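Should a chain be cited, it is by its letter among A, B and C, assigned in written order, with residues numbered from 1 in that chain.
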């Protein structure tokens, strides 16, 4: 080999060998791991302790995180539009299904012990401090004098949980669609505002609009923990909110380790402390902001779920279809305030 | 700067006539080309993508969007409120610009500083603050939350700077000699204002009005909280577009967006015609 | 100059001041109250988060680019529209205003449709050649330019129209080149219109939320600007911090306006 060729060969080796080694290094999931997380808005606070605790474990040592949080639907569309990510943790399953349809997540994503879910919550009523109106159950929401605030499901996918819960109550144990429709219609007759997101709905309620707000238990707890002057009521029958998590097809090994941690007792305990109901057994923590911090997540006597009560999200989503959905029809027939 | 020096014709319309227009030189053609390239990449092509998406369902798609009663109500509300606020701004904007340029009083500087703030405020913060001041917990007892007036209020806030800031520099440039000459010839104040000052301001007012209307029809964030987002009452077009997107119906969202673009273009062109009429009449 | 009678003058002052105070002044006071609700705690808490600091810096960076690009485009376009004649001029004039009429959601969608790396018109080609537009600086700068595009143009056009081209014609007849005329006569004449346009553009740019929410990907500490970080703080129940950052943002805009006011000659032209 000539002198020049030797230099070229050595330079090439000097570049290629470390690159190969680095490649080997990250694929074995050690210190140079990176995880990108795309989640729904309120997860920013909840993920902070989870990520910190993960980074204390051996699998998580030295792993760096890239995070993006926003409205669940927006995040779903961003990922479909090319936002690179390892993990998506969204508000409702349809937002993940769309990413699956776009070919970015494997269709087997929900074949896990928790059916693809990472955090849970319940649909609850947020009321003024002290619950002056004495709201206890769904039927109380149809009383005169109740001024309801609930986010508009047309603008916010997450708002669907609230109205599906109401429909489920209307159907009750023996009723069917007509009863569900009748109840939701009656309840929405008391609506005074239909803000475009759960966050705006809470802001609207805190600014004095209405006297009952349909919200997620996790938001209510977090708001109270942050010092907002509200109370919340968990009715005896309500809908279980289930937030899905999925890894993208080319997710890093560190991301797989992170998901394992999120589903572990330690991870779930962190989420529980932030207001989310764990999806696994065996976590028992004090939850600041809950009605009873030492027993934050009492079992709901009559628990509706999307699968049991509606037969899956495809059927549940049909209620909101612009042209044929029953709930969409109620909303478009609503003339609030004349 | 006085035209009297150059012996030019100073008629009542002021020197608002633009003078002799040049044909494009090679240098200016290049400039136009570069500007058009940037404009295309930034605005024209992306908007074309919207119109193309809207056209996927053909005319039927547009008709469906317009037939939807919530959407139709939103269009009426948005256009109506935007027109109302634009008229309000024409009056108040010109008035405020006058006070800022032609008057001197303690606190004028503070007034000047406040004008641009609506632009800098992120719309979510605007929404929160307006809700706090003019909602149920209003310290003054003025509660317009969940009513049409809240839309007017929010729109008035975000469009405040437009006409004020387009009229201000023109008013400052106006040649005082012409007005003084007219006054020394015996013209009354109102006549001077009507025949000299106002016509000179018309291009600036229409420019600001076009922007004000355009911004108003596209506004979303600052409205949505205080208006309560009620269908048929306070729900604006931007929310309907958002809803179509959330529902996975990109075609309807794009169709509605295209309709609003057409409305905006129509108003912009109308204002341009009005401006030319006034300029010609003087 | 027309001198208005004292009662009329006072009436105008009262109406102008009253309107602006009720519409803008009082909300500003409320914003300040909310930001300083706990002394300086909200500020220290907010700005101790490196993501927040990064967001502020990024906002200024993006806005700086948008101001520069829009000023060049704005002055150039204004000159072309007022001083020159060419086919399609009136159409172009109407189109220049159009960006302001586009809802932020639609801006985001439009840019996404063209520049997204998977299914966009140009995106895949650009990304294949190493140019990342979406969810990176280029898209953020473009979205910010989009929302403030007409501002400099619409400030300069009326002033260019008003001052007429007498001096420019005189300069040309005296043998000045186009560049000399531009530099010595035209630009100084429109100086204050350009300055107003720049201030408005900057103010509008630092406050942009809706379109950036879609095109930036909202990556904490990477592509998040100040309005996005404010929304995130609020959504995560950190209200005080959100108001503190919002106040800082508005302060930034106010600073620009104050600097401009101080630079202006005190006497009005007489």
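We adopt the following convention: a contact is a pair of C-beta atoms (placed from the backbone, for glycine too) under 8 Å apart; a residue touches a chain by one contact, two chains touch by 3 or more.
A quick note: this is a predicted structure, and the numbers were derived from the prediction, not measured.
> Centre to centre, using CA atoms, which chain is the farthest one from chain A?
Most remote chain from chain A, centroid-wise, comes out as B.
> Average the C-alpha coordinates of each chain, average all protein C-alpha coordinates together, and give the chain whose average is closest to the overall one.
That would be C.
> Centre to centre, by mean C-alpha position, how many angstrom separate chain A and chain C?
35
> Approximately how many whole Å separate the CA-defined centres of chain A and chain B?
Inter-chain centre distance comes to 39 Å.
> Using the average of all C-alpha atoms in each chain as its centre, how far is it in Å between chain B and chain C?
Result: the chain centres lie 15 Å from each other.
> What are the residues of chain B that contact at least two other chains?
Residues 128, 132, 242, 245.
> Could you list the positions in chain A whose residues touch two or more of the other chains?
Within chain A, residues 203 contact more than one other chain.
> Give me the residue numbers in chain C that touch at least two other chains, ranges are fine.
In chain C, residues 234 touch at least two other chains, as defined above.
> Which of the residues in chain C end up touching chain A in this complex?
My answer: residues 112, 116-118, 123, 134-135, 213-214, 217-222, 232, 234-239.
> Name, in rising order, each residue of chain A that touches chain C in their complex.
Listed in rising order, the residues are 41-42, 44-45, 66-70, 74, 78, 80-84, 102, 199, 203, 222-223, 225-226, 228.
> Which of the residues in chain B end up touching chain A in this complex?
68-70, 127-128, 131-132, 135-137, 145-147, 224-225, 228-233, 239, 242-249
> Mind listing the chain A positions that touch chain B in their complex?
73, 77, 98, 152, 154-157, 192-196, 200, 203-204, 207-209, 320-322, 331-332, 334-337
> Touching residues of chain B toward chain C in the complex: what are they?
1, 3, 6, 8, 14-25, 27-28, 31-32, 35, 38-39, 42-47, 49-50, 53, 92, 95-96, 98-103, 105, 107, 109, 111-126, 128-130, 132-133, 153, 156-157, 160-161, 165-166, 168-170, 172-174, 176, 179-180, 183, 189, 192-193, 197, 200, 203-204, 207-208, 210-211, 213-215, 217-221, 237-238, 241-242, 245, 250, 253-254, 257, 260-261, 264-265, 268-269, 272
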